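If you scroll down you'll find the structure; I have some questions about it.
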Amino acid sequence: MRYGSMFGPNITFLGIPECDVAEANSYKDADVVIIGAPFDGGTSYRSGARLGPSAIRGTDYLPHDGSRPHLATRMDGLKDIVVKDAGDVEMFSGDINKSCAALEIVVEKVAKSGAIPVILGGDHTVTWPNATGVAKAVGWGKIAILHFDAHADTGEITFGSLVGHGQPMRQLIESGAVKGSKFFQIGLRGYWPPADILAWMAKQEMRSYEMSEIVSRGFDVIMDEVMKNAIKDVDGIFLSVDIDVVDPGSAPGTGTPEPGGLTSRQLLDAVRKIAIELPVVGMDVVEVAPAYDHAEITALLANRVVLEALSGIAARRKAIKDGKPVNHARPLLEDR
Amino acid sequence: MRYGSMFGPNITFLGIPECDVAEANSYKDADVVIIGAPFDGGTSYRSGARLGPSAIRGTDYLPHDGSRPHLATRMDGLKDIVVKDAGDVEMFSGDINKSCAALEIVVEKVAKSGAIPVILGGDHTVTWPNATGVAKAVGWGKIAILHFDAHADTGEITFGSLVGHGQPMRQLIESGAVKGSKFFQIGLRGYWPPADILAWMAKQEMRSYEMSEIVSRGFDVIMDEVMKNAIKDVDGIFLSVDIDVVDPGSAPGTGTPEPGGLTSRQLLDAVRKIAIELPVVGMDVVEVAPAYDHAEITALLANRVVLEALSGIAARRKAIKDGKPVNHARPLLEDR
Amino acid sequence: MRYGSMFGPNITFLGIPECDVAEANSYKDADVVIIGAPFDGGTSYRSGARLGPSAIRGTDYLPHDGSRPHLATRMDGLKDIVVKDAGDVEMFSGDINKSCAALEIVVEKVAKSGAIPVILGGDHTVTWPNATGVAKAVGWGKIAILHFDAHADTGEITFGSLVGHGQPMRQLIESGAVKGSKFFQIGLRGYWPPADILAWMAKQEMRSYEMSEIVSRGFDVIMDEVMKNAIKDVDGIFLSVDIDVVDPGSAPGTGTPEPGGLTSRQLLDAVRKIAIELPVVGMDVVEVAPAYDHAEITALLANRVVLEALSGIAARRKAIKDGKPVNHARPLLEDR
Amino acid sequence: MRYGSMFGPNITFLGIPECDVAEANSYKDADVVIIGAPFDGGTSYRSGARLGPSAIRGTDYLPHDGSRPHLATRMDGLKDIVVKDAGDVEMFSGDINKSCAALEIVVEKVAKSGAIPVILGGDHTVTWPNATGVAKAVGWGKIAILHFDAHADTGEITFGSLVGHGQPMRQLIESGAVKGSKFFQIGLRGYWPPADILAWMAKQEMRSYEMSEIVSRGFDVIMDEVMKNAIKDVDGIFLSVDIDVVDPGSAPGTGTPEPGGLTSRQLLDAVRKIAIELPVVGMDVVEVAPAYDHAEITALLANRVVLEALSGIAARRKAIKDGKPVNHARPLLEDR
Amino acid sequence: MRYGSMFGPNITFLGIPECDVAEANSYKDADVVIIGAPFDGGTSYRSGARLGPSAIRGTDYLPHDGSRPHLATRMDGLKDIVVKDAGDVEMFSGDINKSCAALEIVVEKVAKSGAIPVILGGDHTVTWPNATGVAKAVGWGKIAILHFDAHADTGEITFGSLVGHGQPMRQLIESGAVKGSKFFQIGLRGYWPPADILAWMAKQEMRSYEMSEIVSRGFDVIMDEVMKNAIKDVDGIFLSVDIDVVDPGSAPGTGTPEPGGLTSRQLLDAVRKIAIELPVVGMDVVEVAPAYDHAEITALLANRVVLEALSGIAARRKAIKDGKPVNHARPLLEDR
Amino acid sequence: MRYGSMFGPNITFLGIPECDVAEANSYKDADVVIIGAPFDGGTSYRSGARLGPSAIRGTDYLPHDGSRPHLATRMDGLKDIVVKDAGDVEMFSGDINKSCAALEIVVEKVAKSGAIPVILGGDHTVTWPNATGVAKAVGWGKIAILHFDAHADTGEITFGSLVGHGQPMRQLIESGAVKGSKFFQIGLRGYWPPADILAWMAKQEMRSYEMSEIVSRGFDVIMDEVMKNAIKDVDGIFLSVDIDVVDPGSAPGTGTPEPGGLTSRQLLDAVRKIAIELPVVGMDVVEVAPAYDHAEITALLANRVVLEALSGIAARRKAIKDGKPVNHARPLLEDR
């Protein structure tokens, strides 16, 4: 039986139809399957991200009617492609290994079906099973990760654990699921990790854009460079968005906020472009901790990150089908 | 008798003198008359904007002494022109038609006196009576609307009503009060309205700048284009500022926040420029919902939007009188 | 088609089954039908109660599985009787008369079916249509109202309106739906209404217990007196709980908080006793304004008020069926 | 010129008329004069009480019309006696001695006029000038202080200062303004002061009721004892209410909250009884720190403490004039 | 090396001296050792209790000087007995079994040294290792648990786990660490657990006082009964205080708040009496989740629960030493 | 004896070692000494900045281990130079002159030792003693002040006081400690000070960059100009950062927020560049008022401002030692 929501009322993302991962038929036509990962056992400081999936699914002032016509792309990311909500995976925060294993199975199953899994975290630990599951389905070592985050998440043992929200990227590289050289990190800043871990990252040939480089060279320049390089030699892109990549002023509802981040506008624009230009095969949005949010602005931002991606995916598919490129910056009312 | 404040203590905008719309003498010398529109019966989601007028009037850390010397324009928007506060219009949120009618009468009366009505909302429903009242006084179909907002507000029947905070712009166009081609919308984004309404808007020849166009072309370029086009063939400008045009990080206290908005700096600069360069004949600032605010930052921003406009209006009048243009970017201490 | 939730995700009260008032079959077996009344156009100060129904339905840390075994009564108020959720009635806050009319029709329909309507407000305006609808079904002038509130809600025209959250009790008396002498108000305090309205209330033979009388004579004494008198000469009891009857410390999330109220424990105990001892034929819980809540404690209290009533109703029905009275204060583990 | 409000808009307590202490005529007919003491330079931990006067004056959901008919006493504490608002005394928080001196002069002047000064704090430092000013007018060493507080406020030098919110009661005793034996402290609890200060207090013959004694013997018993003893050998009663006497659940908005306090109901009932039964000659309500409040519940409680006292004072005067005692627990609608 | 604080600055409880559990000498003279258990991986809904230890240690407006003279008992619970702070046990929330095992070792070690371990949670999972550790030291099956809580915490597998914050009491009984008949639960209420678990509890001969029984019979009567029965046939008392036993109005900062709880006054009085009258051999205070707190009132309450116990323990030891009973309700200034 | 923390637990900045200003040996090797100035008696509106030092020291999600390797500069600002924490200076907010005098002595002593004093405010009053103390040590009239702020802080008597948070810059100029021509103010905006004070500022040859000039000319252009001019003819730079220079969206926790400020990114980048390029001899970070903060984002920003400066200072010293300039915008993983 479909598990539904682990916490709170059983809802789907903005009212889209349900599917059940145990019933292949229920999502065989899906372009995208949304999966909740209500887990925060991997956080190294403030917890609370377990309530992220319900917040991201349910926060919106518009009717929860399974339709969202997007002004910028002119696509309905919930209607122009088939998007279903598989509910949450049961993830007991007190058992990180069991929870990650359960999630990986679901993600892999969805990815193998041909649908794009979009996972709503949960803390960043979940990118380990998420990208692993996708890599198993799409190609081991054959995906690139575009990683928006204030933190590199390439840490070593923390609090005695090899698994946690500071380590997923290391595990993906060490397992071979994703090559170090196919990691593109955008928005890093602050005081972590220390030099030895950075050296390890360099050795893996990761490419990490710290905010001072982003400011110096310009965000658009960086994004163009990332998008050009990411797609080389891979079969697909996994997009991982830690909401703390955005400045705490616009995303206070998170566990480890680091001042000096991107604007929410920059993040939305980048996500849209990636989804339009690149073959996204999986995505997660993580680290929304509603207890620290104010007036739901962080949850709403995460909701919009998902929608921006879905709209972009829909635009990309239409462009491919129509055989003409997406018209990026058309005035809103032109050709209506 | 002057109605005063509908909710809370009877205060005026930062301590300026009172006037009473029923007493023509009380504002016959006024350049600007401030009017409270404490109404939120038209909101489609979170209510609370009825407490906007008292929050906008009363939020400031400086003495409430009816004086605000502005660093950027070197004008005192409360002293260098005559600004009076007419108090609130009684607007029972449970009766939207009656409330709008009552407001329209007051706005028209003020506009006919030659003063610029500046209305403090309340939800965006009020722009229907506001701009109607001004159009009746200044010229039916002869004003342009510069509309800062995340939303187009051109909707059709919602919750069974033709009137509400999602529909004022449609009504103004349909009544003929304002021509569709004289609508300039800045800051739109997100997932509303749907295509059929956008098609209607296009047909009305509205000009709506979505955020992705603004980012692509640059905010300054857009503002120059808007300002150049708005003034053609009209007798005046109505400036309508929905506080949700600003990113929720800097304006959380509102009913329908949409991530990815303007910065507060961009809004303030734009409002100042408009007030200096164009003949503003009416203005409203709407959708401040104090219950969702934090540390009063949204109310304070709305207060500053009003002051930026008043300072600009004062600067414009001085420039006209002196016969020399406003010196825009003079260093603060130059020529003191 | 069932209307669902007017705001936010479409959920039912703690996961109970849906019904549709337009489909008589869908609730023909129901003992209780829950109805959302998401309206706050009648508030005289802070709005926000429109988001009450979704908050009351969805706030609980336990699984939303349509089951709530109650420790105090040993009944499952959601399982031992049949409880269904009819969703919200569309109630545009800007049109109070239309909204009340729509609600009254639904309530009457449910009450006529034999089910007990339990309405989740919304502001207290809704008790006018709620009790009217029930009176039409159960007996005009033949129900008593047990009214927990800080305020008498017997006001006259306010903000130009005869309808609003300060007037429902007056309207019920004036229409004859409920006799003045069958009104029992518990928890009144503070500075409203003025003497002329109190005189009118006295003339109607209402019985209103102000907090100083409650403290002097004791809450239990008062409740016994109320329960004994309420049931005389009526066919049923309508229970109306304004959450502001509780002290603002335990119920901050409301529009017109008045210090010095009941404890939440007192309210829960009273509601349980009433539901067990008296024939409740209708109920509402009103004035939960989530924007002013903290950590959801007010919404949770309102949720528990509903559950306490449902558990009591279940206990009463079992007692009647079994022919033996409810055993009130049995130790929790006795006879398990 | 009348000073008005030191912070924020210039408002009076619930809209009552202004008076100016510099103009004797402006309050010569007043029974009560309200004075703001917006000072928090004496706090030993969280500051913020300087915004107390504006919060206490302006927090109420009812119209700010200078009228408050009280259900419990059937008196209008703002209309049945003459109450005026003298505005704030300018009290720079960085200069405690100068600020206290300025306040004392105003309080003494008001008290000498025959009016009862009711001072809105500010931190508890102000009781030193408040009671000193009243003692100078009413009789040096001839008033009793009924002091509701979690803390004894009889401390010695703190942070190098002899003056502060932990020391006012010591200073009043040491100066002789109030005799130690005429201090009645209700609600003390927690972990301050230490034994040496308690010994000093004992030596002064103060009577301090700690919460464990209050719970053991009963609040009503204690209040009867206090009221009986307080009135002996004095010419009047000064009532000092530190809002932290109430449990932090109902009064979170304060600087030094101590769990386990009175209920707000107990405080309101006690204040009303004191005002009815005893000759109150001065009063203050202190330590409301709005920055720590939630949904304004603490400010509203303080507002009601003032109103409960004013209503009681009005009832006492009427009873004296009519020559018949106050009828304490009459049902609300009896004899209307 | 002493572990210190797992999260945030390294602080001790109100400034008391540190000790290190790895260095027996560092606490060989201690009467009480405070241990932080910063774990929330066992929570079934809102997380956040991991930040409880730092909040409980650091929340107080008084100087953090390792001294707290208690008004009610006239003892300094930090000075009159030797209290040391062992810092936190490293408890990764993602690994519940490992974390519990680590905590148990520390608690047992402390208890075996003769000191009373006082553990600051953390979620209620920790009572399993806490009471197990104490039972190993004091006597397996030879301690009674006085358990203040809204919930019985005797659940079965939840989210696939046998360990969690809903199950500790079951595990203690099943292991034999504590006999079912020596469990005394005070404050239960609401809708959990279901009947089968209650039946199991009854079979274990637990004694659970639901709030309706407490209200009916009186809190003091219940406490006397509990204290009399708890001490029979045991070698010591373990006191477990879940802060959610208090009404959410006074303790909002917790994960699973249940309306209708004890007052904070009742809890403090009960804890003090227990510590004075009974031989407490271990204690924990759990479920403080600072993210949901307001103005730190819940953290402060938990801090006071600890202090009330320490003061009581000191009073008990002095009474035993002096050979005369504690004088419970002496007026504060009597015999000073 | 070292004073420690005036409020709350005794902690050092992120766990760095303590020093004691009374013991010269304790900081004789220090490059930087951190000093807390917990004073808010000089604020003209909201108080609360006295809790700034503890918030700035203790807010960080990373371990408080006295180490912070900085991604942008590749330096550890706490390890690569010697940084010690002298605790707070006792500053009673009720006595501004005494408090400022006490602070000045400590700052001067530290500066004379050769260490850079970094003072954590407290309100902006403290820059008067801070810069005075540094000027006494480094050279009277021989330092420049780089002043980030929304306000010029050059006011005259306010609330009867010559000293306060609106006047420090005037006092520094009038005393001769700092020349007017060596003041560089960045980020001014809004409605204060009035023209006469601006004229005085102009006369002193201050250079004040209002936001409209910053936007017109570009932030980087302004910073280059400031840095080039500031260093002329001085022996060192004092950096004073009022957190309100940042937009209230990212820095709500302050007393006098003015909309339209810098982004947190801009501030961090500017501080880093200044610390790298110029000889900073003193610094303060002021006006963090935690009571108005949300999710600690303002405190965290202030913490990062300090760290950015310390990292830059370390980088500067290394560059000087190594004889090669700082490599500003190297990609994060290059040359690792």
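For this structure, a couple of remarks:
A, B, C, D, E and F label the chains in the order they appear, each numbered from 1.
By definition in this document, a residue touches a chain if its C-beta (ideal position, glycine included) is under 8 Å from a C-beta of that chain, and two chains touch if they have at least 3 such contacts.
These figures come from a predicted structure and were not determined experimentally.
Listed by label, the chains touching subunit B and subunit E alike are A, C, D, F. When the contact pairs of D-E are matched by residue number across C-D, B-C or D-F, over half of them reappear in C-D. For the pairs B-F and A-C, the count of C-beta pairs in contact is higher at B-F.
Note: the chain lying farthest from subunit C is F, by mean C-alpha position. The two sequence copies subunit C and subunit D touch through a face in which the numbers common to both fall below half of the numbers used overall.
Spacing of subunit A relative to subunit E, judged by their CA centroids, is 41 angstrom. One finds 38 Å separating the Cα centroids of subunit C and subunit E.
Measuring from the averaged C-alpha position of subunit B to that of subunit D gives a distance of 43 Å.
Across the assembly, subunit A contributes 45-46, 247, 249-250, 263, 292, 294 as residues in contact with two or more other chains. By the definition of touch given earlier, these chain pairs are in contact: A-B, A-C, A-E, A-F, B-C, B-D, B-F, C-D, C-E, D-E, D-F, E-F.
Within the complex formed with subunit F, the subunit B residues making contact are 61-62, 67-72, 74, 247, 249-251, 263-265, 268-269, 272, 294-297, 300-301, 304, 307, 328-334, 336.
The touching residues of subunit E, when paired with subunit F in their complex, are 5, 8-12, 15, 57-58, 60, 64. For subunit C in complex with subunit B, the residues that touch the partner chain are 6-7, 40-43, 45-48, 50-51, 90-96, 98, 125, 158-161, 163-164, 289, 291-292. Residues 44-46, 188-195, 198-199, 201-202, 206-213, 215-217, 247-250, 252-253, 255-261, 263, 292-294 of subunit A touch subunit F in their complex.
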